[in-house]
Every structure is written in C-alpha cells, then in structure tokens.
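Two complexes come next, and they have one chain in common, chain A, joined by chain B in the first and chain C in the second.
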Partner chain A sequence: MDVLGILSSTASFILDPTTMAYALAGLGLAVHFGFAGLLNMGMAGFMALGAYGYAIGILTFGLPWYLAAFVGIGASIVFALILGIPTLRLRGDYLAIVTIAAAEIIRLFLLTSAFVDVTGSADGLSGFNGPGGTVTNPIAGAGGFNDSNPIPDGEYGFPPFLDDERTWYLRIVGGIILAVGVYFVWRLVNSPWGRVIKGIREDEEAVRSLGKNVFAYKMQALIIGGVFGALGGLMLAFSTNVNSGVYVTSLTFFLWTALLLGGAATVFGPLVGSAIFWVLQAFLGLLFPALAKAGLLPFDSIQAAQIRFILIGVALVLLVVFRPQGIFGNKKELTFVK
Partner chain B sequence: MELVATTRRTMGRLFAAVGAVVLAFGVLGLATPAHADIVNPEMPFKVSGNVQNNGEPVAGVTITVTGGGGFTATVPSGEDGKFVVGVPEKNADYTVTLDETTLPDGIAVVDNPNTPDFVEGNVQTASVGPGGRVAMNFFIGQGERHTVAWIDQVVQRLISGVNFGLMLALASVGLSLIYGTTGISNFAHAEMVTFGAVATFGLVHVFGDAALPLAIGLAIALSAGLGWALDAGLWRPLRKRNTGLVQLMIVSIGLSLAIRYLYQFFIGGGTEQLPGADSEKIQLFGEVSLSIVDMVSMGLSILLIVAFAWWLTYTKVGKATRAISDNPSLASASGIDVDGVIRIVWIVGSLLAGFSGILWAYFRPGIRWDMGGQILLLIFAATTLGGLGTAYGALIGSLVVGILVEGSSLFIPSDLKYVGALVVLIGILLFRPQGILGRKERVG
Partner chain C sequence: MSSSDKPTTPVKSTGLHVGEIKPGVAKKDPILIADGVRRQFGGLTAVDVAHVEIPRNAITALIGPNGAGKTTFFNLLTGFDIPNEGTWSFNGKSLAGVPAFKVARMGLIRTFQLTKALGLLTVMDNMKLGSTQQTGEKLWASVFHFLWKKKDVEIETQALDLLTRFKLDAKKDDYAASLSGGQRKLLEMARALMTKPELVMLDEPMAGVNPALTQSLLDHILNLKKEGMTVLFVEHDMHMVRHIADWVIVMAEGKVVAEGDPYEVMKNPAVIDAYLGSHQDVDLGTVTGRITLPKQGKEK
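And now, the complex of A and B:
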C-alpha cells in the first residue's frame, strides 16, 4: 500500500479547483441558509447556470471568456429573481422543495436533446477554455481562459503541489475570487444589512414590525448567495468540461454537508468545510480501494471506493443531530430555527 | 402490409447507402476496418452512438455516416454496440444510416423510447453542434416500424399515465401520512421505494426466477420491517430529542444519501432486470396494447389502495392516524398513543413505498440504485398537489401527475416530460399551497 502516494494526492485536494468551487458555492449557501435562514436546496441549479452560461456565452455567442463569465453570473441573478419573487413568502421546507424542483428543471433543460446545439445535451460542452489546457478541442480558438494565463510554461511548486502552469493559474484565479468573496461576505454580514438578515433568520415577524422590508432583504440575500453559486460553477467550468450530470441534486446535498461541517453561520466555515470534505473524500476514495487491494477489506476496489459516499450521508445525519452549528459555529447562534 | 412497405423503403435506402459507400471507396480509397468500432479517429469532430437491443449491445451492425462535401464513412458497431466516426466539420448535419440487413433475424430498428415522437427508424440525422460531438443511438427490438394513429397514442398514454399514477400513489400516500403525523419532509422516501425493488431482486437471486411471487411477498414484508427499523432506530429517538423540522428534513437527506450509496455498493451502478420484465404485450384495440405485467400491476395497485383507504377510514388505528394528522396534541390528550400510531404509519408507509418500488422496477423497466430518487420529486409533486398530509389527496395528486407526465410527452420532448410535473409542483405551492384537498389553516 502506497501510503505516501495516498497522502500526497490527498493533500493536493486542499488547493484543487473543485474544492474552491465548493467553497464558493458553500459561501453562497452560508449567505442563504446560515445568515438569512433561506432553505435553498437548489444550489446545483445556480452552479449549472454559472458554468453553462459561461460555456454557452463562448461557444454560441462567441463572447470573450471574461464577458462570458458575466453571462453565467447574470443568468444566476435572473434565476434568483424568478425563483425568489413568488417563493420567498413560503415556509422553510416548502422553499426547499421549490428550489430543488427548480434546479431539476434547469438540469432537465440542459440535458434534453431538444437544445443539443446549444447545450450539448448528455455530452455537455467542451473546448470553451481555448487551447493549451486539458481541454484540447480548439473551438474557442486563441483568446480563451487558458490563453489569458500569464505564467510561462513549466512545472512549479513542490510536492504535493508540483503542477503545471495551467493548474497554478486556476488556483491563483480561484484563490483571488475566493479571497475577495470571503472579505465581501465578512463585511456584509457584519454590516447593518447583515444584522437585519440575521434578524430575519431568527424572527421574521420581529424584523417586519421594525419596519424593515423583509421580502427585499431576503431577495437580496438570495441574489448574493446565488451569484456565489454561479461563481462556483464558473470555477468548475474554468477547470474542466461542463456536463449536466454534474449538477444533480446530490451536488447540492454534498455542498450542504461541506457547509454544515464547517459551520453554516460562519464566513470561514464553508472554506474549511469544503477543504475537509474534499480532503476526506480524496483520502477515503484512495484509502479504501488500497485496503481492499491489500486484502484488508472483504470487497473489491470499486465497491470500496463507494464507501465514502455512504459515509457522507452518515456524516450529514450525525452533524445535524449532534453538532448543527458545525466545527466553527457558535451554538448560541442558532442555525436551525424551529 | 406495413411490413412490406417498410421493407421496400429500407431496401431503397439500403441501395442508396451501398451506392454511397461504393462511391466513397472509389473516390477516397478508404478501407473499412473489419471489426473496429472507430473510423477516422484523426478527424476533430465525432459522431458516436450505440446499437442496443433491450439494453444489450448488438455487435457487427453496419453504420454509414454521410455528410456534406461527399463525406462518407462506414463503421461496424463494436462488441459493446458502440461506434465512433470522426467527421470533418462541426455545425453540420450528417445522415446516420443503420443497415438493417446486418441485424440478426427478426429484429428491426424501433422507436427510441426517450424521444417524443416516433423517429424514422434506421436513417437518422445527426447535427454536430458547436461542441463538435453528437451521440446517435439506435434502439433495436422485435417487430417492424409503423405509425400509430393519434387517438390510439392518446389512449395508450392515458392508460400508461394511470398505471404510472397508481404506482406513484402507493409511494405518495405513505409520504403524505408520514408528513401529516410527524411533519417530516422525508427525502429518504425515495430509498424506501428503491428498497422494495432491490429486496425483490436480491430474493429472486437467492430463490430463483420461479419464486418471484414469494420474493415479492417477502420483499414487501421486509419493506414494512425497514419502516419499523427506521422509526425505532432513528426517527423516534429524534422525536424524543425534540429535533426541529428543518433538521429532520436534512437528516432525511443524509439518510437518503447513505442508503442510496449503500444500494450502489451492493448492486453496482448498472441496471438489473426482474424476471418477466419483457412480458408479452396484449393488443386491446387499435394500436393500444398492454403487457400482462402492466395489467397485474394496475390491478394490484388498485387492490392495495382500496385496502389502504378502508384501513384509514374504518379501523381504529386509521382513525387515530387521521386524528394525529389533524391535531397531534389534541389526539394525545384524547388518549391516543401518538408514538405507537406513528410507528404504524412508518410501517404502512414503508410497505406501500416498497410495493410501489417493485412496480416502478417493471414500469421503468429495470432496477437501479437511484431509481427511487428519479421519481422522488414527482412523489413530492403528487403529495403537494393533493394536499400535504392528506392521504386521499395524495391519491388524486398522483393520478394527475401520472397522466400529466405521460400525456405531456405527446406534445413536448419526452426527456422533458418530468418538467411539467415539477412546474405543477412549484405552481401549486405558490397559488394553493394547501393543495386540492388540504385545508387552508394547515399551512404555516
């Protein structure tokens, strides 16, 4: 069993683009659920809009990549408005079902063969990041995301972070977005605006009786969180192809697990939660098959690789029951309003 | 008559295709590889696909791809039924022809069950979009191509919708009862549905195909046991802790994930079939036909639903269940053993869900680890439409959703047919959140 290899592959997940995408979307969920108390179970839909908006902006509308990124963000704002105007007055668990259904509708529209020319149907879209990366189909031509990379070709860093210029560019871009995002959310939730949405989470009627427009605040929170979801999808699209099979309901549930792990009503919770989630995922995904291969577990390595997904579910149950505030959360700041 | 006409059309196309192939050989000097499943791998864009007979790959079928500029390539499907052809241009249409004479005897290209209208069989147009790739699948089955009269299609969809709706009803009345008595939006209900099918599959594996009725009976009993175990092991302790509703909902999501991947752990990621899934179809009138399994399934659903309705209306426990749905504290004060009744509700709900899972395995057809998850939102839609917490409402809601889903595929692409039900779900929550049969004051 290659213990060092497993540990090294695991450690590289701390700076993986997927981890950053989860952290960004998790930050959005923290704004939705942790601070505003909105039970959004459709984050996968926001992420899908961010990723597909970007890819379609490039492939169908021929926009430069940095403008196409705003197509995805714009789409998520429109989605938040369409979703929010009618649903924000619904009770918590109703909102959850509506958002989950809305995200599924988006996924089905991306999957259907009716719009295959635009969405690529089940194959998804590829080749929008331009040449020079893992995506080699040269449709986007010069000027894609990969070509904006100022880092000269070569390997940089030290193990386990020894990677080529594209991976480092992804990490730097993701890191910058994440840093700005965290600062923005941190300032936001500690502002008067943040105090109002936290008040709405605790007692909507009390805030309303203070003369605040609860609906408008909720809507603003929904849009801000949704934009972070789109940024998460964008980050995934920067790093790889887009495929509707990624933006399934399970993705939303995994995000929730990562968020609750770190602490829903904290700014750094989503970051730490995503890092722990993915590091554990990567570690267990390598450890169990390795154990199975070494004959220490009584099943084959494909089965062994599935165990981690079972553990996500168990972890989610245990977290919600025994430590609903997460690792960093404050028990006094109730994240589950009854 | 139809067969003759079809064959004639096919022959005509065949000659055209052969002609094109010959032309290609002459002009481009391309040699067709004998048993490869990819040609022109050097070309940047791809037309790929699958030739399947009832999910089984069909090898050695000749596929011809023709396109603008005299492009022609011929490829035999590989051992896995797949073929890949490199094509020179994107944003272009290619004609993909399956040579029906290379199919094994007695089978022909049939309609793709995943597209809305009856797609012309062995010749299809593939548009290579901006992504540069397109998938073109051929579905092979017994019989020959023919068009079906509109009214027959409508009737067929209607029957199919009722069948689907009855199956949904079995799952949703349980969900509705559980919601009514405990307040939990139980996302793990999907896994209770899958459980029935997976348990049947496992038992058939042990006892053999002939013991199917026994396996189904045992699987239903096991489903009831699952309901008991979930309540005793998880939900009752959480009730004692006074866990909040939102927490309970997220717990059910975690439970759903854990059980779902547990199924995948045991049965793998593929689709398995129960015995009798390809039972013969009986022609009723016109082009409307039903398989024996469909009829048995509808009959049993109705029987079970009637029995359930009788239980809920006339038995003591049924009355107590409805009393708790109405007002738990009042029920408790009147001396009803709330905890005991909730335990029974979990058992009954799980039993019905397990049975609906078995029917769903025949309706889809096939058993998959996430098969329950595929209809979870439809079950929610049906329950909400009828009125959350009302069992009879769930029944009506299920029939409406079932007919809507099946009927809508007459008008919209069938890979979008669930969208209609989801839109109804959202619409109902917005405009009449109490549903058809619900009372207004129950909604907070």
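And now, the complex of A and C:
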C-alpha cells in the first residue's frame, strides 16, 4: 500500500480549486442559513448558473472571460429574485422545498437536448478557458482565462504542492476571491445589517415590529448567498469543463455537510469545513480502494471507493446530533436548538 | 425607580372624552381611530369594532375575557393582520394597506403577548436592533465601518441607559435566551422604547412577572406617559388597570361593549357580567367556601 502517495494526493486537496469552490458556496450557505435562517436546499442550482453562465457567455456570446463571469453572477441574482419573490413571504420551510425543486429544474434544463447548441446537453461545455489548460477548444481562441495567466510556464512549489503555472494561477485567483469574499461577509455579519438578518433568523415578526423591512433583508441575504454560490460554480468552471452531472442535489448536501462541519453561523467555518471535507473525502477515496486491493476489505476497489459517501452521510447525522454548532460555532449560538 | 420609592399615586388624565360616555365615545385628542374594523376567520367574527378612539398622551387599558379579540385587534391596528373591512388611522393618517414595518416606522410600536426576545442575539444587540434609521442597516453602507461607527456608539449609550432603567444592564452581553420569562418581557418593552415611539401597544406586559417587578414595570409605564407617549395595553390584572389606566375599553366577542374611566367601568353591570365576575374583590377561598389550605404535596 502506497501510504505516502495517498497522503500526498490527499494534502494537495487543501489547495484544490474544488475545495475553494466548496468554500465559496459554503460561505453563501452560511449567509443563507447560518445568519439569515433561510433554508436553501438548492445551492447546486446557483453554482450551475455561475458555471454555465460563464461558459455560455464565452462560447455563445463570445464575451471575454471576465465579462462572462459577470453573466454567471447576474444569472444567479435573477435566480434568487425569481425564487425569493414568491417564497420569502411564506414560512421558511417553503423556501427549502422551492429551492430544491428549482435547482433540479435548472439541472434538467441544462441536460435536455432541446438546447444542445447552447448547453451542450449531456456532454456539457468545454474549451471556454482557452488554450493552455486541461481543456482546449479552438472556439474560445486566445483571450480566455488561461491566457490571462501572468505566471511563466513551469513547475512551482514543493511536494505535495508541486504544480504547473495553470494550477498555481487557479489557486491564486481562488484565494483572492475567497479572501475578498470572507472579508466582505465578515464585515456584513458584524454590522447593523448583520444584526438585522440575525434577528430575522430568530423571529421575523419581532424584527418587523421594530420597523425593519424583513422581506427586503431576506431578499438581500438570498441574493448575496446566491452570488457566492455562483462564484463557487465559476471557480469550478475556471478549473475544468462544465457538466450538468456535477450540479446534482448531492452536491448541495455535500455543501451542507462542509458548512455544518465548520459551523453554520460562522465566517471561517465554511472554509475550514470544506477543506476538511475534501481532504477526508480524498483520503478515504484513496484509502479504501488501497485497502481493498490489499485484501483487507471484502469489496473490489471501485466499490470500496463508494464507502466514503456512506460515511459522509453518517458524519452529517452525527454532526447535527452531537455538535450542531460545528467546529467554530459558539456553543451558545446553536442554530438548531432553541 | 428603586423599590424604596413609595409608589406615588399616579396623576390620572381626566376629561379625555367628549359628550356622554358610551362605547365608541369621541375623544378630545385621539391618536388612533378605528372605524368599522371587522376581521373574520371563516365563520368566526373575531373583531367587529364599530368605532373606537384612543386618547393621546394617556394610558388606555384594553380588557375583556379570553377570546374577546383583543390581540387580534392589536394585530389589525399594527398591520400584522388585515381586516376584512374597515378604516383605521394613526395621527390622522390612514393605516389601511400599510405593511407592519411601515406602521412601526410611523411611531406605533407593539409588543407581543408571547414574548419575542431574539434568543440568539445578545441583550445589547436586541436593544440596538430597536433603533431606527441606522445607516449601517443598509446593505452597502454596512460594509464600511466608518459610516456607522459613530451612530452605533450613540445607540449603545441610549440602550445602556434604558437597560439600566429596566435593571438589565448586568445582562447586556448575555444571550437573550438566557433571560427568564419576566426579564424577556422587560427586554421586549425596553427594545420597543429604542424606536422612540409615539404610541406603545403592550400585549399583557405583566403576565408572568413577579409582584416586585410588576411594581417597577408600572412605574415604567407611568413614565412613558410623563415623557409624552401614549400607551395602550391589554391586561388581566384589574388592580393594575385601576392603578395606572386613565381610560378603559372593554371588549367582548369582538365588540367594544363599554368604555370609561377605570372605576366607573368596573361598576358597569355589563362588564361585571361579561368579564369580571361578581366576586372580583373577594378571596377565592371564600367564593368556593371550600379551599382552606393549598393541597400541595398530596398530588401524586
């Protein structure tokens, strides 16, 4: 069993673009659920819009990559408005039902072959990041995300973070987006605005009776969280091609696991939560097949890799029962126990 | 406001009404007027108030049996519920179709019968939330600390002052969830005062509050009047109503059945019949003629 290889591959996940994408979307969920008390079960939909908005902006409308990124963000804002206007006046549970359904609608809309020219249907879209990356396509040509990389070609860093210039560029861009995002959210939730949305989380009638426009605040929180979801999708799209098979409901629940692991009502929780989530996921995904190969598990190695998903489900249950505040959460500020 | 202060007999406002006293009598200076307000829940008419006026800068008590529609009437007046028909106005401005938060901004603040302390916010944050017109509550301004820092310090001072008056200052950094039921009542009232309202509507402010605290709450309510506010409250404690109310409105089955100054109203046979019962000032034990000792310890 290649223990060192497993550990090395696992460690690289700390700085993986996927981890950063999860952290961004998790931050959005923290704004939604942890601070405003909005049960958004459709974060995958927001991420899909961010990713596809970006890809379609480049491939169909021929926009430069940075403008296309705003198409993705804009799409998520429109999505939040469409979701929020009818449901935010209702009790919180309804938002959960509507978001989970809406995210599925988005996914099936992207999957259907009716719009194959734009969405690529089941094949998804690729090549929008321009040449030089893992995906190349002549359509995008020069001027894609990959071409904006100022880092000279070559390998940088030290193991397990010894990678080429594109990977490092992704890490740096992701890191900057994350840093700005975390600072923004931290400022928001520690301001009078944050006070109002936390009040709404506790009891919206009480906040309404004090003269605050509860609906407007909930809408603002829904949009801000949604934009972070889109940024997460964008981050995924920067790193690889987009495919509707990624933005499934289980993605939303992975995000919830990462969020609850770190602490729902915290700013740094989603970051650490998604790092731990991905590191564990990668570690177990490599460990179990290796164990199976060594004859220590009664499965073949492909099946053994699936065990981790069972463990994730168990972990989510245990987390909610025994440590609902997460790693970073204030024990007194539980969001489940009243 | 310490307990050593001898409770002074409150100065009652008199001469609030115009003409003969009857349900719906006109007031000299009404702050709130409701006209033909009716609310039906299916076949049940919860509120059917033909006409009522609340006098300005006075303490008005709204009493009535359980299910008389007092809280529903509160909800209707403050925009938390919408009547099937009727008009109602505050300071001469019609409130029909005005959402609850706008009603609150106009200076009409209510508290809730079931206390709504925001449990997972600190007592201080609860208070600060009450303050109106905060720049920092706007989304974009909130990110820039320097835009709202000064105002926040200002309202913190104001909040601390109020908390001291309500004897909650030692609790200011605790989560509101850690407060007792009575303290939550106090917090909710103090928070409502942070908005600097014109009319305060208190829904059973004394329910579940111990006698000593009741005394200080009464003083707070009397002080509100001194400071120029108008108070409308729902209460079942008749001693309190007699003590502080300048005017009493009695509701039964959704209608206003009697009005008047507290002493007169409580002699009204209709009120005794519908609400007070004929033994209001007699000890319960004497009423039933049976209870001599509380039977604690014998159960189970």
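Definition applied: the second predicted complex is superposed on the first by the 336 of 338 C-alpha atoms of A that agree within 3 Å, B and C clash if a C-alpha of one lies under 4 Å from a C-alpha of the other, contacts with A are read in each partner's own complex, and residues count from 1 in each chain.
The working rule: a residue touches a chain if its C-beta (ideal position, glycine included) is under 8 Å from a C-beta of that chain, and two chains touch if they have at least 3 such contacts.
Because the structure is a prediction, the values reported are computed rather than measured.
Peer 1: Clash or fit: how do chain B and chain C relate after the overlay on chain A?
Peer 2: fit
Peer 1: On the A-aligned overlay, A:209 touches which partner chain: chain B = first, chain C = second, or both, or neither?
Peer 2: second
Peer 1: What is the contact status of A:198 with respect to chain B (first) and chain C (second): first, second, both, or neither?
Peer 2: second
Peer 1: Check the residue A:300 against both partner chains and state whether it touches chain B (first), chain C (second), both, or neither.
Peer 2: So A:300 meets neither chain B nor chain C here.
Peer 1: Does chain B (first) or chain C (second) touch A:312, or do both, or does neither?
Peer 2: first
Peer 1: Quick one: the Cα-centre angle at chain A between chain B and chain C, nearest 10 degrees, please.
Peer 2: Once the two structures are overlaid, it is 100 degrees.
Peer 1: Of the two partners chain B and chain C, indicate the one touching more residues belonging to chain A.
Peer 2: After superposing on chain A, more of chain A is contacted by B.
Peer 1: Touch check for A:188: first (chain B), second (chain C), both, or neither?
Peer 2: second
Peer 1: Looking at the overlay, does A:125 come into contact with chain B only (first), chain C only (second), both, or neither?
Peer 2: first
Peer 1: Quick one: smallest Cα-Cα gap between chain B and chain C in the superposed arrangement, Å?
Peer 2: Value for chain B versus chain C, nearest C-alpha atoms: 10 Å.
Peer 1: Indicate the residue numbers of chain A shared between its chain B interface and its chain C interface, in ascending order.
Peer 2: 338
Peer 1: For chain A, which residues count as touching chain C in their complex?
Peer 2: 184, 187-188, 191-196, 198-199, 201-203, 205-214, 220, 224, 332-335, 338
Peer 1: Give every residue of chain A touching chain B within the complex, in rising order.
Peer 2: By the definition above, chain A touches chain B via 39, 59-60, 86-87, 90-94, 96-98, 100-102, 104-105, 108-109, 111-114, 116-118, 120-127, 137-139, 249-250, 253, 256-257, 260, 302-303, 306-307, 309-321, 324, 336-338.
Peer 1: For the complex, which residues does chain C have touching chain A?
Peer 2: Listed in rising order, the residues of chain C that touch chain A are 78, 80, 99-102, 104-105, 109-112, 116-121, 125-126, 128-130, 132, 134-139, 141-143, 145, 148, 152, 175, 177-178, 188, 191-192, 194-195.
Peer 1: Enumerate the contact residues on chain B facing chain A in the complex.
Peer 2: Touch list, chain B to chain A: 44, 90, 115, 127, 129-135, 185, 234, 238, 241, 243-247, 249-251, 253-262, 264-265, 268, 373, 377, 380-381, 384, 413, 415-416, 418-419, 422-423, 425-426, 429-430, 433, 443-444.
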